[in-house]
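The first chain written gets the first letter, and so on, giving A, B, C, D, E, F, G and H; residue counts start at 1 in each chain.
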Amino acid sequence: MAGKKVAVLIGSESDLAVITAALEQLAKFGIAYDLHVLSAHRSPDAVAAFAERAEGEGIEAIIAGAGKAAHLAGVIASKTVLPVIGVPMETNLAGGLDSLLSMVQMPQGVPVATMGTGKSGAMNAAILAAQILARSDPALRQRLVDFKAEMAAKVVAASEDLRKRLGLTPGS
Amino acid sequence: MAGKKVAVLIGSESDLAVITAALEQLAKFGIAYDLHVLSAHRSPDAVAAFAERAEGEGIEAIIAGAGKAAHLAGVIASKTVLPVIGVPMETNLAGGLDSLLSMVQMPQGVPVATMGTGKSGAMNAAILAAQILARSDPALRQRLVDFKAEMAAKVVAASEDLRKRLGLTPGS
Amino acid sequence: MAGKKVAVLIGSESDLAVITAALEQLAKFGIAYDLHVLSAHRSPDAVAAFAERAEGEGIEAIIAGAGKAAHLAGVIASKTVLPVIGVPMETNLAGGLDSLLSMVQMPQGVPVATMGTGKSGAMNAAILAAQILARSDPALRQRLVDFKAEMAAKVVAASEDLRKRLGLTPGS
Amino acid sequence: MAGKKVAVLIGSESDLAVITAALEQLAKFGIAYDLHVLSAHRSPDAVAAFAERAEGEGIEAIIAGAGKAAHLAGVIASKTVLPVIGVPMETNLAGGLDSLLSMVQMPQGVPVATMGTGKSGAMNAAILAAQILARSDPALRQRLVDFKAEMAAKVVAASEDLRKRLGLTPGS
Amino acid sequence: MAGKKVAVLIGSESDLAVITAALEQLAKFGIAYDLHVLSAHRSPDAVAAFAERAEGEGIEAIIAGAGKAAHLAGVIASKTVLPVIGVPMETNLAGGLDSLLSMVQMPQGVPVATMGTGKSGAMNAAILAAQILARSDPALRQRLVDFKAEMAAKVVAASEDLRKRLGLTPGS
Amino acid sequence: MAGKKVAVLIGSESDLAVITAALEQLAKFGIAYDLHVLSAHRSPDAVAAFAERAEGEGIEAIIAGAGKAAHLAGVIASKTVLPVIGVPMETNLAGGLDSLLSMVQMPQGVPVATMGTGKSGAMNAAILAAQILARSDPALRQRLVDFKAEMAAKVVAASEDLRKRLGLTPGS
Amino acid sequence: MAGKKVAVLIGSESDLAVITAALEQLAKFGIAYDLHVLSAHRSPDAVAAFAERAEGEGIEAIIAGAGKAAHLAGVIASKTVLPVIGVPMETNLAGGLDSLLSMVQMPQGVPVATMGTGKSGAMNAAILAAQILARSDPALRQRLVDFKAEMAAKVVAASEDLRKRLGLTPGS
Amino acid sequence: MAGKKVAVLIGSESDLAVITAALEQLAKFGIAYDLHVLSAHRSPDAVAAFAERAEGEGIEAIIAGAGKAAHLAGVIASKTVLPVIGVPMETNLAGGLDSLLSMVQMPQGVPVATMGTGKSGAMNAAILAAQILARSDPALRQRLVDFKAEMAAKVVAASEDLRKRLGLTPGS
């Protein structure tokens, strides 16, 4: 485990199924993480308290997943200079357009690094956190390089497998 | 001036041109109001401080106008049991769809009474605030009844004027 | 039961499954409510008759849930000075964007306090109604304060439970 | 002038600039029309009164133009068995998506014959009204046939003109 | 059966499940109808042939249901002076926003009377067709008046039933 | 099999279920095709390598299916002068609006021939590829003419079948 | 001039300002073109006549620009086996979302090769037409290769110019 | 100037007016930056070359602004393990919804840290880059803390100024 930590926040326990993709990816990179359920609207004082103490606890980046009027990432970002990464949850309204716009359209001065909606976004949040930590962690940087190479290799392998199944000759 | 007060908040000084419609309507109803520029993202502590002291200052309803990832109304609502009325500002993104969704799609437990986008929404926020105060203020209630009657009369008069201009006979 | 009453209206019997969240929340707050199925388009005279008699029956706030071209709340609001709270039903069109826009984009002069789409919106409509009634009902105001505290405590407890399940130490 | 009449309604005097396209087209077809400013939200009683008397006044079809939460056409349609044609006004919200959805997504039982947004929609409303009246007016039907032929001829002429200006040979 | 006829067109056999709501409503009104599967894109000549012969066959109004780039109604309307009523099918793209916009946003000169998406729209298409035929059929007009009254009565009855089930007193 | 070849690319193996509609249609036209899984983001070097060698391998047109931020078609198009046909996959975000806009809104200079979302789009991609190849292949052109005629005949037959099932007389 | 021809169609003379980008690009590639104003809705017979004779006149690809319920490209495609390229015009409704969806969401069997909205789309339509013609025209193919190289060189040059203006050293 | 560098990329010279907000903010933080015009579609080889050499040149984070089918950020991210921050340009299509979705909806494995549309997004991109660099640069971290404090102070001052202009007493 690297000494540095990422905090993963979700607005509701029901977001766990999505954010698990972030937790697993962080674990694969060997990045220690912490997790809290924190609601910008239902537990605002706990949110503010967390945002104020996060940097002091050694947190280097914060991932916040939330849905609908998804203010969690923005509220955290208003109270810390740590990079805040947002994961908009899919909802019934156009598949999460509400979550996405509530998270990404931040006013000037307070950025939220917004990912795509749902599980892919959660996994990508972990990768972006790793990319940030890797700026001062050469071993983690190498794991990211290896991850990228494995990902490319998997696509190539999937392609070859599929071509075989469909009876396409390797040279065709 | 009625003894009760409405607080009007805007996320940025540039929202004044829109929220003026609320201020003017409150003044017409004889409702005392207070105004603050408060940014959910840039001045979060001032926002929290206001939300905590508002009820103690005699505020009965809060109007909050904001744009883009418009969290101001929601953040206020997370910290008070006063009714919070939101006015989504028009933006370049589909005319304010970002502001509207960020404001109206609140998670369960913390409502924001959302108005339409822009100036009409601002004027309506003042009327809703008046409707709330009027529950315990019969004189204000009567002013709302009169306002409604005048509004209807104005439409009827506009119709008659237009019909004359177009040469349509009154009985046609 | 408090002496004051909230009227809950639905445009169709099929909206009951959603609006139940409002009824339950009103009951938890001890607020007496009445319920009617009223269609702005199919039973317009019943709608008008209700709007005209509501205030006289002691109604203090009206919750109206409707879908698609959701005119019910607006039609009621055109005929009363009571605060009208709208709950846009989820539909197949982008998850209820039609209901939402038909309800929230009211022209100047006639506000509808619009909630988010679906069940969360229904529950929030009840809370907003309670916030309005609480302006002249200190006991209800206290129940809202307690509700807010319980809600925050539940999130904190959910966070602790989840952290235990995931084996995260309390102090990490 | 034909003996039959079309009623043209607008929600606000400011909609006249758009609905003029309908008035001019009705005049070209020799269809007598009447015009009223009627607001579903600001003058609901005048709207209901009109809807109830329209058929008795010899009105055969009603054109209603309105914007934002555009309920005018739907409210009229709820009170009459005359065909109601809706013209959604362009607005700042995605160019009138709010007006369009508020008008077209009527619940079952009460149709509004919805046109496209803005001036083209207004002109088309007049043509649809003419198509309805023409079912029992052979002379008007012939004017519609001629109108269609002239429209086609104009496009062909515009094409030839443009081709000449661009130096494209007739036979190329 | 009334002597007049409505033609009901669908772009694909799979649209039958939706358009059935129109067929049933026409039958209830005693309106004779004809039905064809006609694709604006796959069988354009059959579409043109139908449009040209429809009026001669005694058709008084045409209902056309289609999905996605839903051109069927517009293509028919380009070739006839009969009123054309469009029913946009629900699709995966935002629930049918593609069908709706392809149908309603007609250029000036060629209206399509557009209904809401899906089954409600199909039923409403039949009602609008009846409203058009009723202009010269007093018995049908009376059936529409009765239909409207029954519809209102059903809503009132549903309301009473629901109130009983929920234990709300008639006078509460 | 024609001597010419179409390359079919998918961004992920999970897109196979959709793109199968293209493969089947190409096979029906007797067009030889090749298939690769290539990810613009996960295997960028393989994508570039393919784009550079495609023309040399005798490929005449490229079909690329991808979802979400669907860059595959555009990235291929940036590296070849072959016609590139894009198939946007359906997603949870408004049914694939993200895929569609990411594919079709190409900047000037680099076109992607974009099809509709999902399976219909995949089948159409194969037909467009055939139309392109048919410019120099008269036998294929004839197969397209025949395909068009069969398609029209099928619609007519479906119409007759349906009319029989519903008891509509041939001449009605 | 190459012997082959592209037909460029616009639904209205007002679309010329946009489609000019296609005409200019075709001219730069030395591709002979023809231009017609043809309205799917206002001059349907002229559209059908053109579609039927186009191939016989030596046309190899058709570019069709139209707006709103943009059926022109689809209607042409229903009547020819030539590749049809669509250019959706920008409109007030979300900047042309209506035109785009009406064009791209074609049902299975009849593809339209859809470009992006507006001028960029028009220019790209010409490039796609050139890519199609280039399949049997090696000189045109070379012009496309050169065009691509020039385009890249222009971007590199613009970058260098801008860097100089901003005082960024070449090696920084 | 700090020793570390941020690369700022734009897809077209016309994006400079927007991205200037990022350049100015980087300069205020004393962060050295480099700027290139690089088009994912028109100069793909230059893009790939830059992505491959960026880390070796000491770049620690990359800001990429692009519009429409905005692939630049994603293409860069596919080729580097550096954090890539995307700024979607405003366009005519719903104000930049195309740019936003093309950038943010990245498939799993390759994140782009997406900002809001336009100038606010550009400024926020610079702040996020600073937050990333600040993880190993305490002086920069302090500048971010100061920036946050100044930003809050400015809002408070704007509020006081506005209240004075409107004649609201400090204590009201």
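Note that a contact is a pair of C-beta atoms (placed from the backbone, for glycine too) under 8 Å apart; a residue touches a chain by one contact, two chains touch by 3 or more.
Values in this document were obtained by computation on a predicted structure and should not be read as measured data.
Any chain touching subunit D that also touches subunit E appears here: C, G. Because subunit A and subunit H carry the same sequence, their contact can be compared by residue number, and over half of the numbers here are used by both. With every chain reduced to the mean of its CA atoms, the largest distance from subunit E is reached by H.
Between subunit B and subunit C, the centres computed from C-alpha atoms are 19 Å apart.
Separating the CA-averaged centres of subunit D and subunit G is a span of 34 Å. Work out the mean CA point of subunit A and of subunit E, and you get 48 Å between them. Each of the following residues of subunit E touches two or more other chains: 39, 42, 44, 68-69, 91, 93-95, 97, 100, 104-107, 109-110, 116-117, 120, 151. Listed by label, the pairs of touching chains are A-B, A-C, A-F, A-H, B-C, B-D, B-H, C-D, C-E, D-E, D-G, E-F, E-G, F-G, F-H, G-H.
Note for the complex: subunit H touches subunit G at residues 13, 16, 23, 34-39, 42-46, 68-69, 91-95, 97.
Interface residues of subunit E facing subunit D in the complex, by the touch rule stated above, are 21, 60-61, 81-83, 85, 100, 104-111, 113-117, 119-120, 123-125, 127-128, 131-136, 141, 144-145, 148, 151.
Interface residues of subunit G, counted against subunit E in their complex, comprise 11-12, 39-42, 44, 48, 67-69, 71, 74-75, 77-79, 91, 93, 97-98, 101-107, 109-110, 112. Chain contact summary for the complex, subunit D toward subunit G: residues 90, 94-97, 100, 116-118, 120, 151-152, 154-156, 158-159, 162-163, 166, 168, 172.
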